[in-house]
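In the two complexes that follow, chain A is the common piece, with chain B as its partner first and chain C second.
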Partner chain A sequence: MDLTTFLFYVLAALTGFSAIGVVVTQNIVRAAAWLLFALAGTAGIFFLLGADFVGATQLLVYVGGTLVLVVFGVMLTAQGPFINLRISAIEWAVAAGVGLVLFGVLAVAVWPATTPVYWTDKDAHRDLASSAILGESLLGIEKATPWWRARHYSDPAPRPGSRERKDITALSVNGIDRPRTRVAYLLPFEIVSVHLLVVLIGAAYLARAKRRRTDVEQLS
Partner chain B sequence: MSEPGLNHFLILGALLFTCGVVCMATKRNAIGVLMGVELVLNGATVNFVGFARFNPTFEIEGQIFALFVIVLAAAEAAVALAIVLNFYNNHLTVDVDTAEDLKG
Partner chain C sequence: MVDLLKWIGLPPFIAEALSPIIQVALLVGFVLVSAIYFIWLERKVAGRIQDRLGPTRVGGKFGWLQTIADGIKLLVKEDLIPADADHMLFRLGPYIAFCGSFGAFIALPFADGWAARVLSISVFFMLAVMSSEVFGIILAGYGSGSKWALFGGMREAAQMVSYEVPMAVCVLVPVIVAGSMDLNYIANQQNGGFWNWYLFHDPFTFGAFWTYFTCATASCKRAPFDLAEAESELVAGFHTEYSGLRWSFFFMAEYASMFAVSGIATLLFLGGWNTGLTPALSHVFSHPLESGFDIGALFGNLINVAVFIVKSWLLVFVMMWVRWTLPRLRIDQVMMTCLKYLLPISCVLLLGVSVWQVLVPTALEVWVRVIFAAACLLIVLWTGFKIVSTPSMLPTPSVPAFAAAAKRDQ
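Right, the complex of A and B next:
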């Protein structure tokens, strides 16, 4: 068993165990702590898969930002009875049954996914697209679009099972080969950033300090 | 223990997804429901990055989609927490079973 295999099983066990911990714990503060480990384990999985930038973003945005937001929510609302809100045993049984069935269906559905494994062959440590290429494709720079890469970086020896590269480069329309439409992510990136801005302004507006309704009723 | 292939990562994603769904269904605390949503989104992200690693034609797209999911999850968490805090201000509770103002 080599190091990557060992690391995968350690990280997967950490992530899965923490995710189950989020579900079974009744204490909301402990659930937040389990969620921290689950998200950090997922970031480790991303690093293991070679997606450095996504892993770093997961750590910065998710663990550093979203989780802090959730913890603030817990702190602001965790008073007395709300820390431990329990559900009945029957509801637990039903939820556990539904969860097991759902997991069984998903597992049976995805287990035969037999994409060739390049984990341990000599090509195993090829990097995924670096953060520079990711940034270029977000900006729509031509070099980072799939058809450009396919045309200029065509593999001399394609990996087993990789699709024929030729069919990506050209699309035959009326007998004339023309390049496929470029796929770039400038517009989605822009939409997402504006969306994030609007959402944060809206959240600040929603959560601003207000008088309680009872105070307003007493005043009027 | 075999070496991890694509289906191992898909199983991990399925486990995270299932935990998230069960968490959303069983938690009575509104913030607990929010944590379930985070787990579901994480399961989807694991699938995307797994496909980016194992399918050469999906190499950039998988990572880009994962980034979009992370950013949208941050936005969703911000709005959901604002709503929860507002609900807490108005009703002095975070129990989702008591949110029945719209009940007919």
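Right, the complex of A and C next:
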């Protein structure tokens, strides 16, 4: 067992136990605290894989933004019935069932990726300019699209587990010329951002302080 | 560090295993020693600005050991947790705050290549890790079970989260000039003379430095944005119920993040570890030995580390100076400053520097830098000369009591 595997087990255990803590704890603010560790553990796994930019974004957006928002909302609105959540046995059973089904789906989807990607070359780890690759992908620059993503829609679907790394400038595979398309993620990215903005405005409108007519009439 | 250990004679496997441990030990030691020094410096600076001396008894004439005495007192204090407090969250708060502040030091380079981990996105990493400090404040405020703590914690969290936005936008300004988020690379771009520093690069980076410094002061909860410690309003904000070592964890976190943001400002705007008067020292002293290890570069880098630390300590001193000079802002003034002033200013600076990078020809850019740097140097020298040469005067006889006393003493 090398250092990377050991660190992965540590981070996975931290994330897993924190996620269990979120579900099991009966105090809603403590659940938010456990969620902090789960999100930080996920960021740690990103750093372990060498995706520094994604890990830092996870910390900035999830921990520093989303979780703070959740905790503010939870803390300032936690009335009596919500501070101590008591869950009945039937709810436990249904939740456990749904969780197992979801776990099964994820496991089946992830399992065929059998070749683990370990950064054993220390210099390669240091020079991984992950933000540059992400920028090029957003703009649809051809070299950044891996060959197994850039496909003509009439190509046959790849067999699960056949994801070999080939030179991304290869223009023909198995003797057949493969026309390359460029995938630019910028437009979907912007659409999702606008969508989030709409959701935020909607939530703020729904949560606005409504004038209570009865108090005003009583005063007059 | 790995090269140094290999040169000493350790086998490569042990050198690589031991190197991160040594780096982390050095960082932790440095942060703690810095915190001890800052606490003493704060009390001395506070004293002098308020026309008194500060600590003078413990450890000789200058009170060097005052912080040690304070530390011993804090260690032996009773560990008190209020009955209404949420035990787990109350205990968790200080540790999260300290880890959030300290984790940023992993990516902070003290000399060329001398960071615990040289990341290609180091300034983004530092901002992201320091943003998780807010959570420690929130947990401390809520978990204390006291209304002063809850109000203080909420206000403090709102302030810290709001000021992260203009701070990040101001950090983007030198990143655009350099073309990289790697602090190591940005500081290397500023080697040579002090006219290469990004502070003088164009008017927009100059403005970005002051705006960044203001946002950094606010995000470190320092005066004039220090509502957390507003004794007159909130008893003591989110750390009301904390005493002893738990309280000192919060303050170590505060001094660590003060040094971290000052370090970022130094690297982004003030040339980092470069002296500003000599070419890159690791090249000047370069002297590779037969084994391939460059001992001259090691010596040059040690000098660079000292220069970096002195520059950052100078910025921390400016933060302390501002604290004891300006009055405290109200919470609505704090939020208004951020949202109505600093955020639009930083957006204008971002736009300006982007336009500058695209439109201004290189020759004009060089002239602007040199003239700017010369003008700032002249202003600094003139100010220093005036401070030193202005005679300090006795109270004037226009005040009757002093006039009588002066007549009596004659």
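The rule is short, and it goes like this: the second predicted complex is superposed on the first by the 132 of 220 C-alpha atoms of A that agree within 3 Å, B and C clash if a C-alpha of one lies under 4 Å from a C-alpha of the other, contacts with A are read in each partner's own complex, and residues count from 1 in each chain.
Everything that follows uses one rule, which is that contacts are C-beta pairs under 8 Å (C-beta built on N, C-alpha and C of every residue); 3 or more make two chains touch, one makes a residue touch a chain.
Nothing here was measured: the structure is a model prediction, and the numbers come from that model.
A.B. asks: In the overlay, answer first, second, both or neither for which of chain B and chain C A:40 touches.
C.D. replies: It touches chain C, and chain B stays clear.
A.B. asks: So in the superposed three-chain picture, is A:206 touching just chain B, just chain C, both, or none of them (first/second/both/neither)?
C.D. replies: In the superposed model, A:206 contacts chain B only, not chain C.
A.B. asks: If we overlay the two complexes on their shared chain A, which of chain B and chain C does A:75 touch? Say first, second, both or neither.
C.D. replies: second
A.B. asks: Per the contact definition in the header, classify A:30: touching chain B only (first), chain C only (second), both, or neither.
C.D. replies: Only chain C is touched by A:30; chain B is not.
A.B. asks: Just checking: does A:56 make contact with chain B only, chain C only, both, or neither of them? Give me first, second, both or neither.
C.D. replies: second
A.B. asks: Quick one: chain B or chain C, who's touching more of chain A?
C.D. replies: B
A.B. asks: Between chain B and chain C, whom does A:134 touch in the aligned arrangement: first, second, both, or neither?
C.D. replies: After superposing on A, A:134 lies in contact with chain B but is clear of chain C.
A.B. asks: Is A:64 contacted by the first partner chain B, the second partner chain C, both or neither?
C.D. replies: second
A.B. asks: Jot down the residues of chain A that show up as touching in both complexes, chain B in one and chain C in the other.
C.D. replies: Overlap of chain B and chain C footprints on chain A: residues 53, 57, 65, 72, 76, 128-129.
A.B. asks: Could you please specify the touching residues of chain C with respect to chain A in the complex?
C.D. replies: 86, 88-89, 92, 96, 118-121, 124-125, 127-129, 131-132, 134-135, 138-139, 142-143, 154, 157, 161, 164, 181
A.B. asks: Which positions of chain A touch chain C when the two form their complex?
C.D. replies: Contacts found on chain A: 27, 29-30, 33, 36, 40, 52-53, 56-57, 59-60, 63-65, 67-68, 71-72, 75-76, 126-131.
A.B. asks: Can you name the residues of chain A that touch chain B in the complex?
C.D. replies: By the definition above, chain A touches chain B via 1-2, 4-5, 8-9, 12, 15-16, 19-20, 22-23, 28, 31-32, 35, 38-39, 42, 45-46, 49-51, 53-54, 57-58, 61-62, 65-66, 69-70, 72-74, 76-77, 82, 85-87, 91-92, 95-96, 98-99, 102-103, 106-107, 110-120, 128-129, 133-134, 137-138, 144, 146, 159, 162-163, 168, 183, 185, 188, 192, 195-196, 199-200, 202-204, 206-207, 210, 212-213.
A.B. asks: Across the complex, what residues on chain B touch chain A?
C.D. replies: Per the touch definition, chain B meets chain A at residues 1, 3-23, 25-29, 31-32, 34-36, 38-39, 42, 45-46, 49-50, 52-57, 59-64, 66-68, 70-79, 81-86, 88-90, 93-95.
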